[in-house]
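So, here's a batch of structures to check.
There are two complexes below, and they share chain A, which is joined by chain B in the first and by chain C in the second.
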Partner chain A sequence: MSNRTIMIGLAFTALASAVAFMTLGVKAPWSFVLPFRGEKLAALMLVAVAVSTSTVLFQTITFNRILTPAIMGFDALYILLMTSAVFFFGGQGLLHFPPMAVFVITSIALSLAGLGLFGTLLRRSGVDLLRMVLTGIIFGVLFRSLTSFLQRMIDPNEFSVIQVVSYARFNSIDTEILWVALPVTLVALMAVWRLHRRLDVIALGDAMAANLGETSQRLQLQVLFLVGLLVSVSTAFVGPVVFLGLLIASLTHVLLRSPYHRVLLPAAGLVSITVLVGGQTILERVLSYGTPLAVVIDVIGGVVFLVLVIRGMSK
Partner chain B sequence: MIGPNGAGKSTLLSLVARLLPLQSGSVTVDGLKIGEVANDILAKNLAILSQSNVIAPRLTIEQLISFGRYPHSQGRLRDDCRAMIEQAIARFELGHLRHRMLDTLSGGQRQRALVAMTYAQDTDYLLLDEPLNNLDISASRSLMQLVRQMVDQNGKTAVVVLHDINYACAYADQIVVLTDGRLIAQGSPQTVITEALLAQAFDTDAQVGTHNGRPVVFA
Partner chain C sequence: MRYALGLLTLCVLATISIFIGVIDLTQEIDALAVILVSRIPRTLAVIIAGSGLAIAGSIMQMLVRNRFVEPMTAGTGQGAALGILLAVLVFPDASVIAKMVIASLAALCASFIFLAIVRKIPPTQPLLVPLVGLIYGGLIGAAVTFIAYQADLLQYLDVWLNGEFSGVLQGRYELLWIAAAVALFSYFIADQFSILGMGEAISVNLGLNYQQVMAMGLLTVSIVSALTVVTVGAIPFVGLVVPNIVSRLYGDNLRNTLPLMAIWGAGAVLVSDILGRLLRYPFEIPAGTMFGILGTLLFLYLLYAPQRHISDPR
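After this line comes the complex of A and B, so read on.
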């Protein structure tokens, strides 16, 4: 099958998932259901695109197909930042801020922190896969233990503020920040789109990119910043889903082979929308909440991760 | 360019192509100051194939060669780019392989595709770091002949790091010998490749004969 056929197929499945999500099992008046589900659908689609784009970008600048921002601890860092904010400024204080302002500040803080930590890491150790995996695990554990340490000292009333972001959830999506997450995502996606040809060259490897007149270092930093913004969007809406990005990127690479980000990025986005919106529709409407989607995704994604790591080790 | 392992051949090429930063001194290629020139200008004038090409296998040969036009097109291929890509494919006889993925090719075919990419890059200078590594005699000869053609017919300057001195003797106009980061001899194969030089540079007593007027080293 040509890539064009596959893209059309993916667009169709994504659209079908969205239509099913909006129309299946409606028991209330349409005038209520459409805006209510519409907001949730918009949020899910934002999450889907944010996760797929940040994963593809991260894999390009680290030259691998196994690591993702979530596996490297980006989501955990977001929750740590939120928790620290509550710890130092108090949940009540944070509640006085509009949620949008909190979201914007946390996003930018995450982008800068990600830039600092992972930028340094990339420059120091290059792209040694094993070292990156180890560092990711250590970062993840460190961020999570710092988070739970802080959470233990927080006033139980204030704890409820961060409890919402600490666990993956697709059923109760907080749509309050939709109107600020939407422009943030769009701006980030536009910035990514401007880089797509350079990303193609960077993906060829350092030496080849340098031969063709592209140096990866500055681009890596720009990309890390954008990854931070996109991870903020997805974590703010649905919390940490560790293996979602990996699952989507792997599915995309199985479905089509292309060295071009102008193909890979939209394809991954469509796969992501299909998996998230379609998966949520099936669990919510067909199986009526039997199992949370996050758990299903993490189980399947976790298996994919293991397979990839084992295959990578035996190479 | 020849010399024993660790003589600094790859390092020299990397410095010339700015894959490594200069710690001191300066490099000038045809009036271009390598330390100062902009990335795209450098990429339009000088192409390098280093040993460590970790090429993403998800490329077809045609896509790889198209990337050679990147310094000129920034990824937006115009008609002249397409013509150049077709010319490279024809010249390197890759037409029947153009839609094959790189990871399905033999070492020789892949190396030929990489050199074809630098042909499409259309630079005056071409630096090749041990391009014959892991190639059999037929692939090696055909690659060296193609490089020789690019020099003779397109007026390019090719600097090739080689381990097999006989390939250097057979195809080079000039041989440069490095040991321990120093240039110890430079000139035509006939003047440079002597038993005395082999003893000095490689610490070996290999014998030197001649064939078709060019020196031949007997292992």
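After this line comes the complex of A and C, so read on.
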């Protein structure tokens, strides 16, 4: 099949899952259901695109198909930053700020922290992929431990402010920040889209990119900053889902054999929407499970990860 | 000398641990009862769990021949949690001992599968083993969460997956003594584990019953992990960090180093527990969380520090 056919097919499945999400199992008047579910759908789609784009970008700048921002502990870092904010400024103090300001400040803080931490790491050990993955996972554990440490130090009343972000959830999405996250995501996506040709170039490797007149390192840092923004969007909405990005990126690479970001980025977005919205519809409406989709995705994604790693290494 | 210094430190820490708590012993009329029912059992539980986990970690490292694995993060601990969860769900009326047996069996199965996966990994990729272990443990953990969520048992899960000692009282921790006995037993075959760590060919060549020692190692690791998970909860990274540091300082002859690992493991967890009790007095921070921070930092250091070893020429 040509890429065009596949793209049309993906667009169709994404649309079908969105329609199913909106219309299945409606028990209330449509005038209530449509806006209510519409907001959730918008949030889910935003998350889907943020996760897929950040993962594809991250994989491009690290030259591999196993690393994702979530595996490297980006999500956990976001929650740690949120918790530290509550710890140092107090939950009440934080509530005085408009949620928009809190979100934007945390996103930028995450981007900068990500730059500092992973920027040096990416450049330092470059070749030794396994050591980096291991470091990322350990960072994740460290960030989670620090978070739960700070949470214990926080006044229980203030704890409720962060409790919501600490767990992955899809069925109770906080739509309040939708109007903040939407412009942030759109700006980030536009910035990414402007870079797509240059991304194709750095994906060829440092030497080739330099030969073609592209300074990889600066672009890598810019991309890392954008990844930070996108990760904060997805984590703010649904919390940490470690293997979602990996699952989507791997599926996209299986479906489409294209090195071009012009194709990869939208395709990954569509796959992501299908997986998230479709998965949520099936789990919530068809199987009527209470289990969070995140758990299911993490189990499936974890298996994919194991297979990818073992197969990649025993070549 | 090195034993004496370690034991002395441990005694000091244990004494501190006994005299820290919400109840002021000088004001309390029945101070002795507080010490006997709560403080001493808690201190003992910390010591047994810490030393048991360090020993289990070092044995597991010999079994898979990799320095960066340990039972609590490579599936054994999660397997034990899965076992006890299933035991609570399927046989709610079974005795505590029966539930323990089920948890140990599940831990054994989980470690066995991990070992089978590790065998497929080429020896040229040493870092792949801990990575696969972490993901494998995470997978079992996710499955446990899934079941617990469906059965409305998430609260219990928190008790098993996050190690802490605030609930330890006389009569509630005694199962740990079985773990202590098993760990002690491993000392008597420590030299066989050392040989096992040299690989199958050398082990057989030296006249070791490879399969039998392997099975005994797996059993030790599983029982110690399962008992720890069920009585006080999982404490990750103790079994990884402590054996690595001890082996860098004193070498790999387990017969000599196993007691040191027990002392250091107990000391490390005791420090975490004491810190956890003091930092937010009168509330507590779980020892597992405290060690999660200390342990990961130490692990990162071990991962990036130059590999210097006692046997290297300096």
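We take it that the second predicted complex is superposed on the first by the 313 of 315 C-alpha atoms of A that agree within 3 Å, B and C clash if a C-alpha of one lies under 4 Å from a C-alpha of the other, contacts with A are read in each partner's own complex, and residues count from 1 in each chain.
We take it that contacts are C-beta pairs under 8 Å (C-beta built on N, C-alpha and C of every residue); 3 or more make two chains touch, one makes a residue touch a chain.
Here the structure is a predicted model, which means the values were calculated and not measured.
> Could you say whether A:200 touches chain B, chain C, both of them, or neither, answering first, second, both or neither?
first
> Touch check for A:28: first (chain B), second (chain C), both, or neither?
The answer is neither, since A:28 touches no partner chain.
> By the touch definition at the top of the document, which applies to A:208: first (chain B), second (chain C), both, or neither?
Only chain B; A:208 stays clear of chain C.
> Is A:145 in contact with chain B, with chain C, with both, or with neither (first, second, both, neither)?
In the superposition, A:145 touches chain C alone.
> For the three-chain arrangement built by superposition, which of chain B and chain C touches the greater number of chain A residues?
Touched residues of chain A are more numerous for C.
> Go through the superposed model and pick first if A:287 touches only chain B, second if only chain C, both, or neither.
In the superposition, A:287 contacts neither chain B nor chain C.
> Regarding the shared-chain residue A:190, is it in contact with chain B (first), chain C (second), both, or neither?
The answer is neither, since A:190 touches no partner chain.
> In the superposed view, which residues of chain A touch chain B and also chain C?
Residues common to the chain A contacts of chain C and of chain B do not exist here, since the sets are disjoint.
> Would you tell me which residues of chain A are touching chain C in their complex?
It is residues 128, 130-131, 133-135, 137-139, 141-142, 144-146, 148-149, 152-153, 242, 289-292, 295-296, 298-299, 302-303, 305-306, 309-310, 313-314 of chain A that touch chain C.
> How about chain C: which of its residues touch chain A in the complex?
68, 117, 120-122, 125, 127-128, 130-132, 134-136, 138-139, 142-143, 145-146, 149-150, 236-237, 279-280, 283-286, 289-290, 292-293, 296-297, 299-300, 303
> Please name which positions on chain B make contact with chain A in the complex.
17-19, 39-40, 42-44, 47-50, 52-56, 58-59, 63, 67-68, 70-71, 74-76, 101, 118, 121
> Using the touch rule from the top, collect the residues of chain A that touch chain B in their complex.
Spelled out, the residues of chain A in touch with chain B are 63, 197-198, 200-201, 203-205, 207-208, 210-215, 253, 257-259.
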